[in-house]
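The same chain A turns up in both complexes below, where it pairs with chain B and then with chain C.
Coming up: the complex of A and B.
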């Protein structure tokens, strides 16, 4: 059966003055069409390195071995030019801080039209109409007005919606979301999670959702992959991971979540005694 | 609890940031960051202040410590008025009131050893000899769960959790009675977060500290605080004991906020109160109840009449017409 995304033995390393620093150490996983895979773990566990590897967006000192196949097509080893055809077209990514991903000196309209004109070869007029439809789709009120505005004029939640609109511009089959709600307030986070979930249903995309928040995982994931120190320590469907976690790290991670519905304060007593620094630094 | 004099009493605190425009830079509008906040903090308690970004919770905390010049209102610390005091006079009180910030790395000089950074506190606020100061710093490091030999290290050599411990060491150095923790654990991973909270609770027991715990994370606040204040757009929305707020939230905003928190229970299909839209801008302040633009219960009069701050049960206050 054809997986949408199939990652096998992915090793991602950073070359530094002190030698090679492994960020991802031989992980394998797959994502199907219409499925959300959550990658969860604490800072430095390799979850972002994994998503950057898939997108081919590692910094210049990054190195990949292994295999990443999107619809059966091998991505590892592709030239930058070939990658550009895939990025934004077949797969796209949204980031934690949309302000850093948006260009402050161009209007929202300009930035939204760009991928449409490059990848789908639309005229400016068609692209403008398309941008309005996209903004409408991600729930932005008065889309025509918003096209003329600049990123700093929008709130954090609105910016993230614009980023999502941009990512969806070319109907990608895979969406990678790297902590897309971490910088947002809870009421806005709830809106964005629902939006991503709805769009996934509508468009039948596969979604890789990177987060450190087990609460968010429970809300959006179909399957969960728990990472620690660049390795996958547990993978399974969301119910089995939450209801019967097998690995001690997953158990610890779940126990450390401050649950508002929970009466006991056990998570304070249970917490680990070491300073939690993960192994990758 | 209410018999004795409160440690801190704030009345009708307002903090506006002026928006200046035109050639003459006249004040044309105000950003109302804090609008009429009044509360008491009692010795030994932990008061949580929660709300979304831009609700004025940090500005409130900073105003209380004299880090912002307030626009109007009074702040009494142990019965003494401290608003509008000169820097020199305020210095006396600052020993007693400290702050822990979200990102301790930002407040540490990257080229200064940790020991020296901590020692500076005593240089400014005490007359200890150099040897005594160093001894005291080493004690402090141990007290917050670091090691004596961390004295000679630089900030970049510490992990996020350790840096926050340094921030805490600096805050407790002068035996203050009130510590304002502004998003003190928000930037930390969950497992480290729990350790830092445990440290804060231990220190509170040992030194009878009073905390004002400012956070957007309602889960952490629940486990940490005796009383909780919910703020929205600079105003007080609901105040009550931790139990009252979490078990019996009354204000529609508090309810929406609590229901929006993602729970670590898969498949719990959301009995969620959805809030439409964004926080209105504090420079274009809504009339009437500040929450009426997003409120599911809003009626005509909510748009014009500011709701009264009233007590609905003992110690439980809200500002809402409809509840």
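Coming up: the complex of A and C.
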């Protein structure tokens, strides 16, 4: 009972000229209300295909079988119109590149109004008022002024905040974040992660957080799902996966994280000659 | 106000930015040739709008005692033709016809081209069919296609408008399809979909405004071509019929009097030339002014 998102036996394939290319091969998982599930894995392991499948946003040659239930409501097989009512309303997505995920020719205000006008059927005036509150909520100073600005006038971190505001405009119960911090520098990354975590608490959403950065996982995840080659190789709560990884791939993934304490990786060792004496030139 | 962000060179992201009309217009005004073109177009429009106030004799009024007068003779600014009709009056009424025919055929052509181009660019399934139709239209030399359409519909100015607008469709469709194809792949379109925007909303509200720059340039250039084609068709007797003061028809009428009254052909010819020149230089200027990379030279 009560799972916010329940994915069972999800298979996602792309039809290509050379036959069907499987991206996700029969994975199952669930996300509860107020919980953050991190999907980790290397490039091409099916992380993004999974999140796009949930949103129903696969490219035209994508195919899904299996079951995806949001609040018990089956999503697979829904018509495009039905999906449009759910997207942005019940579930939302934020993307990797805040540089390209905002339309360069429109002001921030114009784009923020869109979800409100689509789902809430608000008038332009009401939507503008709501947008100001939203920008305030995601920690953007001077929201009234920012509404009139264009994406290129904002920094990467600000843009990602705007994206988050757009995604959360209609209080979705599920937020899918597809590597939202990858394109940002480390300090901004930390701020965005903290923001997503705060908003999750405030709004009681479930979050699916896709990343390949184990450091990010440790900060935000409640549970972790490790993917490799389109399959789930390990799933568990964040402490057990980090402390006692079961699968060899998870072990390697954790071992690949640079360790700040391990000085040998960061300092060039002094060149030593065969007899052990140190040379200096 | 928040103008501290308008520092051009500082901004490294040279993607297309605000659809700032004023900025584009300012850049256009730096181009002297384009300003000259704009000046000619402005005069044309003023003349066409206020035509009845600017003439002493109607364009159809004949005065058989004052035929084939030269430029400036007996109070006729540009002389008279073989029926004693005032050339100045006919010329500025001709400007009316040219502008109306040019504008309406470009608008009709744009509507057709936009619909085909946006549908073809956005829906992969329709793309093949639409682009083959466009290729088919492209396969005919333009003026031949227009003559073919007029041959089917009959000779009249309205049919000229229809013919020229059909001729404008394929060029516009290709330009729009190209832009739509590249814009469709942008992440912000995916982001809009993830917010639940419908296809119609995405096409009309998010893709179309991104195509405006190439469309504006195309439309301006096309105005010149449309006016030239109207005159060409009328010259061949397929468009405006004799008493109508259409520039092409006027050249045709003057042909027989080339030796006795050359101004009958030369004056409308110069008018056509200036008009097309004006639209072309403005189109060129607009293309440069709308190019976002120009900002860096600013």
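Methods note: the second predicted complex is superposed on the first by the 260 of 281 C-alpha atoms of A that agree within 3 Å, B and C clash if a C-alpha of one lies under 4 Å from a C-alpha of the other, contacts with A are read in each partner's own complex, and residues count from 1 in each chain.
Just so we're on the same page, a contact is a pair of C-beta atoms (placed from the backbone, for glycine too) under 8 Å apart; a residue touches a chain by one contact, two chains touch by 3 or more.
These numbers were taken from a predicted model, which means no experiment stands behind them.
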Looking at A:193, would you say it contacts chain B, chain C, both, or neither? Reply first, second, both or neither. first
Figure out whether A:21 sits in contact with chain B (first) or chain C (second), or with both, or with neither. neither
Tell me which partner A:57 touches in the superposition: chain B (first), chain C (second), both or neither. second
Touching partner for A:99 - first (chain B), second (chain C), both, neither: second
Where does A:219 make contact in the superposed view: on chain B (first), on chain C (second), on both, or on neither? first
Which superposed partner A:152 touches (first chain B, second chain C, both, neither): second
Residues of chain A at both interfaces, chain B in one complex, chain C in the other: none
What residues of chain C sit close enough to touch chain A in their complex? 2, 5, 11, 13, 15-19, 124, 186-188, 190-199, 201, 205-206, 209-210
Residues of chain B defined as touching chain A within the complex: 52-53, 159-162, 189-195, 197-198, 201, 216-220, 222-223, 246, 256-258, 260-268, 270, 272, 274-275, 277-279
Which residues of chain A touch chain C once you look at their complex with the stated criterion? 55, 57, 60, 80-81, 84-89, 92-93, 95, 97, 99-107, 114-115, 118-119, 145, 148-150, 152-153, 163, 166-167, 169
Using the touch definition up top, name the residues of chain A that touch chain B in the complex. 42-43, 141, 155-158, 185-191, 193, 212-219, 221, 238-239, 242-243, 252-254, 256-261, 265, 267-268, 270-273, 275-277
